[in-house]
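Next, two complexes with chain A in common: one pairs it with chain B, the other with chain C.
Here is the complex of A and B:
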């Protein structure tokens, strides 16, 4: 029974990690670099959601929408300001790193300037946990899981079944060829940033609900990064699988060896994966380095 | 009017003059061969025409429209289809999806249709699938639609590249060494395919090829490039007897 409890808590946590790792992988796919501004974007959007909606007493849905919209718009603007020129000039991917770290620092700086180093709490959106046959399931976990699952399924369908998804996949494989076949590569990249930003906003709100809101909340992006490494960098299904596994392992570890040592072991797992199976569970033969 | 008119284009990379004063005029139904030793600038000509790099000088007109400085994807939409020397298919996408990518500009639904399951999306996807299956059928790959290109033979991958280029509804089709890596039987099939497409679809074809027998057989006009310069152009018969061409290919006769 205890194990089942860990699995349930783990899946709930994993679904948030899945949002992070998917958003992260989307950008990795199209531009072949790890977008380190993703975490700060989560913080920024989560705080915007807080001040625009939650602080005015609006419910969960407006908060999520506000955060997701902020995430999309800011990611889109970020693409234009920080990445477009590098892409057009076809210069070394190292500049993407520099740009993304700079952008992340900027977002985080704005948050700190606005809110100071204080902790904020979302209002209680949910009622009491449900008890079911000896298992305790919090309502927030259920709602978070359902929303995340819904969003990820819709995303999977869009990527598999529509022209936007097809364009995105062709751009991920080969930008130049895609554009020679008439695909507007800039549009596809913008689309990837919009989706990734929306996922960041959503994940930010959920993290804020699970923990609290604080300016360095974005450092939890590392969990998304670990999940995508475990699952296979660049693979979206892999990112989801990795995130679920990470969530389950983490909740189990926290309950058994305590929250102090748990991160040590999660990082060890990532290192083992990098040593033994660097392309991750579902990864293909991607040569680019993260 | 000529479908493709290239007027005196020049392209240099640093000190290397890859193209010097190249011109061509290709009409509907014509097949032009471009031949020359390695490094003669043949692929660079294709890259300039399809917009990968802009020409330093000169003009490229597609069906009367100046496309010299246009972006690649817009040139493609004007009616420029091409294949690549080193096959560049989208790995991981099915054969059908590879061609569907080139159908993207002709799809008539946008972001809302992609995010929401509107009827328009299903209708457009169906229309796209039917059109793309038509092109796959034209190159003889209709029964491999769900296959992954990396599991197919080299010859089939070449055909798939051609089908994908056809999906762009080209007025001009650029084929960059379509016979490279094919066995003699496959070369024969490819020759027939190119001739049939040229007859049925009536576009202009530019063909870069090392296999002289293929080029000589199917092209009406041949342009011979050497060190970036056109050293001869004319019918296969004229080119074959041109002393400059013989020198470039076989070396100078020593007395």
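Here is the complex of A and C:
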């Protein structure tokens, strides 16, 4: 029963990691670089959601929507400021990487300037936990899991079934050919940033609810990165699978070898994946990793 | 060329004379606190208390006619930042004494460094390793003005045992000196007095998700969980243990003092904590009301600690001036200083107070309720 409880805790943890890794993978898929401003964007959006919710006494759903909208808008602006010219000039992917770190530092700096380096706590949105056959499942875990699953399913449908999604897939496969086929590449990339930003906002709120809000909250993007590597950089289903696995592995390691050693083994697992199966569980073999 | 050299020399002399004159009129006091970072709620409150006392002292004519110039340094709860700030205080700003830091990890880093200077550091770090060297003698410049970790943990354990708790779980941060220093004496006191510690789990400062760590404690069906951690971690642990359905009590250290109740975001029933002040005392109430009226903030225990230490420092300066050795000797001789945090007597052998009282509290909803007063022997 204890093991099942750890699996449940792991899935709950993994569902938030899945939001991070999906947003992360989406940009990697399209522009072939690891967008390390994603973490700071999560923080920025989560703080916006917090202040809007606190000022208006909003519940969970409007807070999420506000954070997601903020994430989308800021990601769109970030794309224009930090990545557009690099894309147009078709320069090395390393510049995307450097630009993303700079952008992340800017976002985090704005947050620190606005709120200080202190921590904040979201209002309590959830009631008592559910107890089933000796298992305890917190309401927050259930709701966060359901919302994450719903959002990821909708995202999968959008990418698979809509014109915008098909265009995005074409751009991620080959930008030049997609452009020759009449697809507006810039619009597709903007679409990817909007979705990625919304996912960052959503993940930021969930992380804030679970772990309080603080300016370096975005450092948890590393977990999304590990999940992406395990799942296969650039693969959206892989990102979700990797996130779930990471959540379960983390909780199992914490319960068996303790909290101190768990991160060591988590990173070892990532290194093993990079060594044995560089394309991850479901990813294609991408050579231009930045 | 000679003219230029003469001019530079004159300017240098003028600057020195002006600085000396300025130094002669004021006494620089450093306030080394966590103004930002995860323990900023403690550092800001301590700073506000020191500033309040300094304003009162200066308004009353200063110390022997000299105004106190308070220089605030932000450690950002970071050891490197703290050491840099300390070095700046003693080398550039020539402070006569330093109030702070509020937390043990920072004080532990500064303690060996402080041996190279003579500036006294009057702080609140309760881990005795911050004041006492491995050879058992005190660091010459490190002082603490609240009961030690061993004293506080003993009070909490005795209170818990006396009030019907007998089976405990413990969760503490193995990378945090404050947390580590509290758990051992708590466990020792519980086991020595017939209680049981069913489960002890540790975590690191990087941990944010405590549910898996807390699960064995919840499964052990303990009466209470001892949670000697900083406020942010305390909030996470309290929220997550409640999310796991645990309805027992939490025994917490000073970090569950207000503003924990406002930061927690929900009712704090079942949370017990230790405090330096008793809000039912007339002088404490008067100060709380004055601070609220003037600044709009609700002063907490760290405010009172800062206030008391600043006033003790004033008394020392009045008696022995600002000579560092004199200040140290006088700090070691502080006896029965009637402060808002109690009657403070410093033990010269430990540079920590002896016999200072502390108060156990709980919350009803979000309102702190005083339970019992203990002498920290």
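Throughout what follows, the second predicted complex is superposed on the first by the 286 of 290 C-alpha atoms of A that agree within 3 Å, B and C clash if a C-alpha of one lies under 4 Å from a C-alpha of the other, contacts with A are read in each partner's own complex, and residues count from 1 in each chain.
By our rule, a contact is a pair of C-beta atoms (placed from the backbone, for glycine too) under 8 Å apart; a residue touches a chain by one contact, two chains touch by 3 or more.
No experiment lies behind these values; they were computed from the predicted model shown.
Asks: Answer with first, second, both or neither: which of chain B and chain C does A:176 touch in the superposed model?
Replies: The first partner, chain B, only.
Asks: For A:89 in the superposed arrangement: first (chain B), second (chain C), both or neither?
Replies: Once the two structures are laid over each other on A, A:89 reaches no partner at all.
Asks: Should A:185 be classified as contacting the first partner (chain B), the second (chain C), both, or neither?
Replies: first
Asks: After the superposition on A, what does A:161 contact: first (chain B), second (chain C), both or neither?
Replies: So A:161 only meets chain B here.
Asks: Chain A residues in contact: does chain B have more, or chain C?
Replies: After superposition, C is the partner touching more of chain A.
Asks: Looking at A:212 after the superposition, I want to know if it touches chain B, chain C, both of them or none. Which is it: first, second, both, neither?
Replies: second
Asks: Using the superposition on A, tell me which residues of chain A are in contact with chain B and, in the other complex, with chain C.
Replies: Overlap of chain B and chain C footprints on chain A: empty.
Asks: Provide the residue numbers of chain C that touch chain A in the complex, in ascending order.
Replies: 36-38, 40-41, 76, 174, 201-204, 206-209, 211-213, 215-216, 218-219, 232, 235-236, 240, 243-245, 263-266
Asks: Using the touch definition up top, name the residues of chain A that touch chain C in the complex.
Replies: Its residues touching chain C are 2, 5-6, 9, 12-13, 116-119, 121-124, 126, 128-129, 131, 136, 138-141, 210-212, 214, 220, 250-251, 254-255, 258-260, 263.
Asks: Mind listing the chain A positions that touch chain B in their complex?
Replies: Against chain B, the touching part of chain A is residues 154, 158, 161-167, 169-170, 173-174, 176-185, 191, 284.
Asks: So in the complex, which bits of chain B are touching chain A?
Replies: Residue list for chain B touching chain A: 50-52, 71-73, 76-77, 82, 84, 88, 90-93, 97, 100-105, 107, 109, 111, 113-115, 121, 124-125, 128, 164-165, 167-168.
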